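Next up, some structures in structure tokens.
After this come two complexes, each holding subunit A, first together with subunit B and then together with subunit C.
Here is the complex of A and B:
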């Protein structure tokens, strides 16, 4: 019997139809780099208009502890620092870098040479044995790494434990429970040894003796690849979990792996666990072993597009979404991320950011007309946090934010299982989001 | 016959006993309340809108009777006559000089000025729409048109104009309670003095982007050119963050700024008699 979390959860159609290959998306000639690509304080530019930058150079540094630096994904000239549109259409301050043709050509050559060294995919453990934990965290901080699962929490904060606090288990999130998205799956199949090395570096940095790479049972290829790459010298195991959405939620994953429940408002550390994404482990290995900061990530392009276009692309941060190779179907909506937790993109000239895991292009009429609530309780059964979504939604709609706070609206992880399960197609999560935002003030 | 007598006596006795219990309870738990509170409550509008900053009309009445005056508290909904009545009940002079205000919309993004970019099928609520994205009309400052202000108005003073998809404030019904100004997620409604002879001038835009950026999303946006500020003979207009603001205290509602605005972002409640400077700009 495979493990999973106990309360709630849903089983949406997986639609994991994209290929597991990772293709290399050409570098853009112009990169748009928003200063706030992570949770926490926006980073502060260290370059100014007209400066020459080279690929991998720090262009904005972290302004406080909970913040992350930003590096140039391409060589070129800083053309301006001004607001650019985000996929939501809202403007955000960003650094814009423009490359000349020569710079572009030399970047592409350097990039091809860099990734060629990755092909052997053989584990080399001398590194994680030689470095101290402070040195590893310092390199992670210097590389601007954030959680690549979507929450974009700065990794160096998660991996620097306060003295006296001991964690027992490091959990690597390879669930990718979101329908359609394949980027983590592709990464695990392509570079399993690098991910395992990244995990070893994380274990060294935090001093945690045990690590578990958790996957859902719909990714047998990735599980096999990772198991083959494991080193018996380290206590790392690969655990397959029963597929259920939202298994990739931090609290759900800790419960599925360890059986321990995290109290309302507490962190996984309260039960001795730290959760990181497998893509973050890969980025950690890149940063510590090869010195490449977080300037590229895997982006899945999928949805109702021809099968040969559904693929994963190693894309430079700052590449406009519209440069990714796909033909936009008619009457379709573009979603940044997956269909459950992603947000509709209003503007496709917005850039790929550190937290952009995919672009899902869906045909269809969109949502159905909402009907009155029939009190069936489907949303209560579906909620993985054991909340009462119909009630929280009503509080949000009627602006009863104090009541919402008392009903633990802050525990909502916005997974959308309630809206998905509602037979009356009510926009439950829309109103819960309002209650969550406003009751925090 | 005797049965009738017994029945009547029994019921009368029960009734009397009950009455005595009620009388004793009423005496025991009697609270002396100033009768003026009831009087003032009946003079107030009774909408419990919270425009005074208190919990409702009775709370307002209790507060003025407790302090014995109208100092520091004001019901924006009541007419000056009703305030005078309340002052009379309290035995004080009525507060004068509190000018009536009404809400104005600081957005002019009609359907023709900023066409709809995409269809939105989420919950019909401005708050939800603002939290998710920029809105169907592309402007991250402008009206979202879902009518949260309409829903929150207790006086039925706001309605959505189906042609422009913007809320319209009925000046006769608006009581300046401030519910809509607090509700709008983009703070597009402002309470401004009603003005002499109902003449009001205001900048109907909230876009703080640079002119070119603002114009890209909306034809009717304020571009912060400052023409109005130079035109104003009273120095009532300031331009900050690429957005003009007309100070209602110094504005004399002459309407000169309305004519010079290149995008038509300045609105007035009266029609402007075309002055000479406007004819010159037309020639140019």
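Here is the complex of A and C:
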């Protein structure tokens, strides 16, 4: 019997129909780089309008410990630092870099050469042994790496354990439990050895002796590729979990792997675990071994588009979403991320950011007309946190925020399993979000 | 890039595809064996009661939404049809049709619509209709046509149900033929006589995941527990009267049963205990309807005190 988390969960159709290949999205001629692509304080520009920058150069530095630097994904000239539109339609301060045709051509040549060296899966195991823990964390900090699973928490913070704090297990999240998305699957199938080496670097940085790469049983190819890439010198194992959404939720994953439940409001460290995404491990390897900061990532383009367009693209951060190759369906929702937790975009001229795992294009309005709640309890059964979504939603609608707090609304991870399972199509999560925000102390 | 065709909506952007009318239709499908058994055993009168009950329930709901509430009609959600079928299955096949209409109006008009319509009622509408008729017309509601399988032998015989005969001391429960009870060749309400037909429906509802096992199984457990204490044969008790019909189709009504699995277990066990207690020591030979209605009333309380177990242990000191 394969492990999974015990409470709640749902089984939406996977729709993992995109190719597992990773194609290279051409670099943009103009890159839009918002200063806040991570959790924590926005980064502070170290360039000004008119400055020449080269690909990989630091253009904004982290302003405090919980923050992340930003690097130029293309060579060119800083054309302005001004608010640009985000996918949500809201403006955010950003650095805009424009490249000339010559700069673009030389960048593309350098990029092709860089990735060519990546393709052979020859591993250099001496790397993680030759570096000190401080040096690894310093390089991760210098590369502006954040959690690439979507939460975008700065990685150097997670990997800097305070003196006296010991963690027992490093969990690598390769679940990709969101339907449609395949960017992590593609990465694990394409560069498994690089991911394993990234894991080894993370183990070295944190001093954690044991690591588990966890993925769901709908990714047998990735599991095999990773197992083949393992080095017996390290205590790393690949664990296949029974597919269930939201397995990639941090608390659910820690329970599925270790059997331990994290207390309300606590971090995985409270049960001795640190969780990172497999794509983050890959970025760590890139930063430490090749010196390339986080300037590109894999983005899945998928949904109700022709099969040949459903693919993964290695995309420079700052590339407008609209430059990705797809034909926008008539009357659709363009979702940045996966369909369960992703946000629907109102503007596609907004850029790909560090946390952008995919673009899911779904036809139709999606939502049905809500019907009266028939108290069937489907949302209660679906909730992975053991909450009462119907009740929290009602509290949100009636503005009973104190009651919502007492009913543990803060535990909600906004996975959407409640709204998904509601036969009356009620917007359960919408009201819970209101209750969660307004009941915060 | 034409951005006009893009629709903004909050996550999640997917939906299970299940609908409430869909669940109602599944229950209707699950009732087909019971309806067929009723028609087989009781013939044409059963069909009349069934059709009148459905028509009266749907008409009551339509008239109330159209002329009293002045809202869009809700009859398309199939819940009024379901109430009609369930009410009919809880009635004797020879009940005068005007009484069927009165029960339907009570079920939909008072028990459902007066409380605010679908999802807002506290008590199971079909059971309210049945109990209303039982209290108002006790003679008509307790003289049952004996089953005359095969439509032919319509000699108009009536008699008491097995439970009332046992209750009167006319029959020793230990001598009852369980196989005839199981197949349904006994007197009783239209839908309650064939345990086999009800169990087929139960398996169907479990298979399509419209209901969970908790409530029906807990009811059986509660009933058998009391029977064992009282020294009564549990199999006869399980198969007779409205127990199975109530356990599978009435007590599992979404609206009037608890939200959590643990709440459902408590609710079910208590229904079983109350039913067995009424049957053993009460004035009525049959107690299922009352037991379910009593526990319907207790459901908000169960929801309040039987909470789902939270994923997280309660907040502790966070090591940072």
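Some notes on this structure:
Simple rule for what comes next: the second predicted complex is superposed on the first by the 439 of 441 C-alpha atoms of A that agree within 3 Å, B and C clash if a C-alpha of one lies under 4 Å from a C-alpha of the other, contacts with A are read in each partner's own complex, and residues count from 1 in each chain.
As a convention for this text, contacts are C-beta pairs under 8 Å (C-beta built on N, C-alpha and C of every residue); 3 or more make two chains touch, one makes a residue touch a chain.
Please read all numbers here as calculations on a predicted model, not as lab measurements.
On the superposed subunit A, the two partners subunit B and subunit C both fit, without a clash.
With both structures placed on the common chain, the touch criterion links A:427 to subunit B and to subunit C.
Using the contact criterion defined above for the overlaid structures, shared-chain residue A:366 touches subunit B and also reaches subunit C.
Here the vertex is the CA centre of subunit A, and the angle it makes with the centres of subunit B and subunit C is 70 degrees, a multiple of 10. Within the superposed three-chain model, A:14 lies out of touch with both subunit B and subunit C [touch as defined at top]. In the superposed pair of complexes, A:437 makes contact with subunit B only, with no contact to subunit C. Contacts of A:341 after superposition on the shared chain: subunit C is touched, whereas subunit B is not. Once the two complexes are laid over each other on the shared chain, residue contacts for A:161 go to neither subunit B nor subunit C. Measured by the number of subunit A residues touched, the leading partner among subunit B and subunit C is C. Applying the stated contact rule after C-alpha superposition, one finds that A:39 touches neither subunit B nor subunit C. Following the chain A superposition, subunit B and subunit C show a smallest Cα-Cα distance of 5 angstrom. When the two complexes are laid over each other on chain A, subunit A has residues 333, 343-344, 346, 366-367, 427, 430, 433 in contact with both subunit B and subunit C.
If you check the complex, the residues on subunit A that touch subunit B are 83, 88-91, 333, 343-344, 346, 366-367, 370, 397, 427, 430-431, 433-434, 437-438. Subunit C makes touch with subunit A in their complex at residues 1-3, 5-16, 18-20, 22-23, 77, 117-120, 254-255, 257-261, 307-316, 318-320. For subunit A in complex with subunit C, the residues that touch the partner chain are 7-8, 10, 12-13, 162, 165, 179, 251, 255, 261-267, 269-270, 322, 328, 330-335, 339-349, 360, 362, 365-368, 371-378, 380-381, 383-388, 390, 408, 411, 414-417, 419-425, 427, 429-430, 433.
Considering their complex, residues 117-119, 121-123, 125, 127-128, 131-135, 138, 140, 209, 213 of subunit B touch subunit A.
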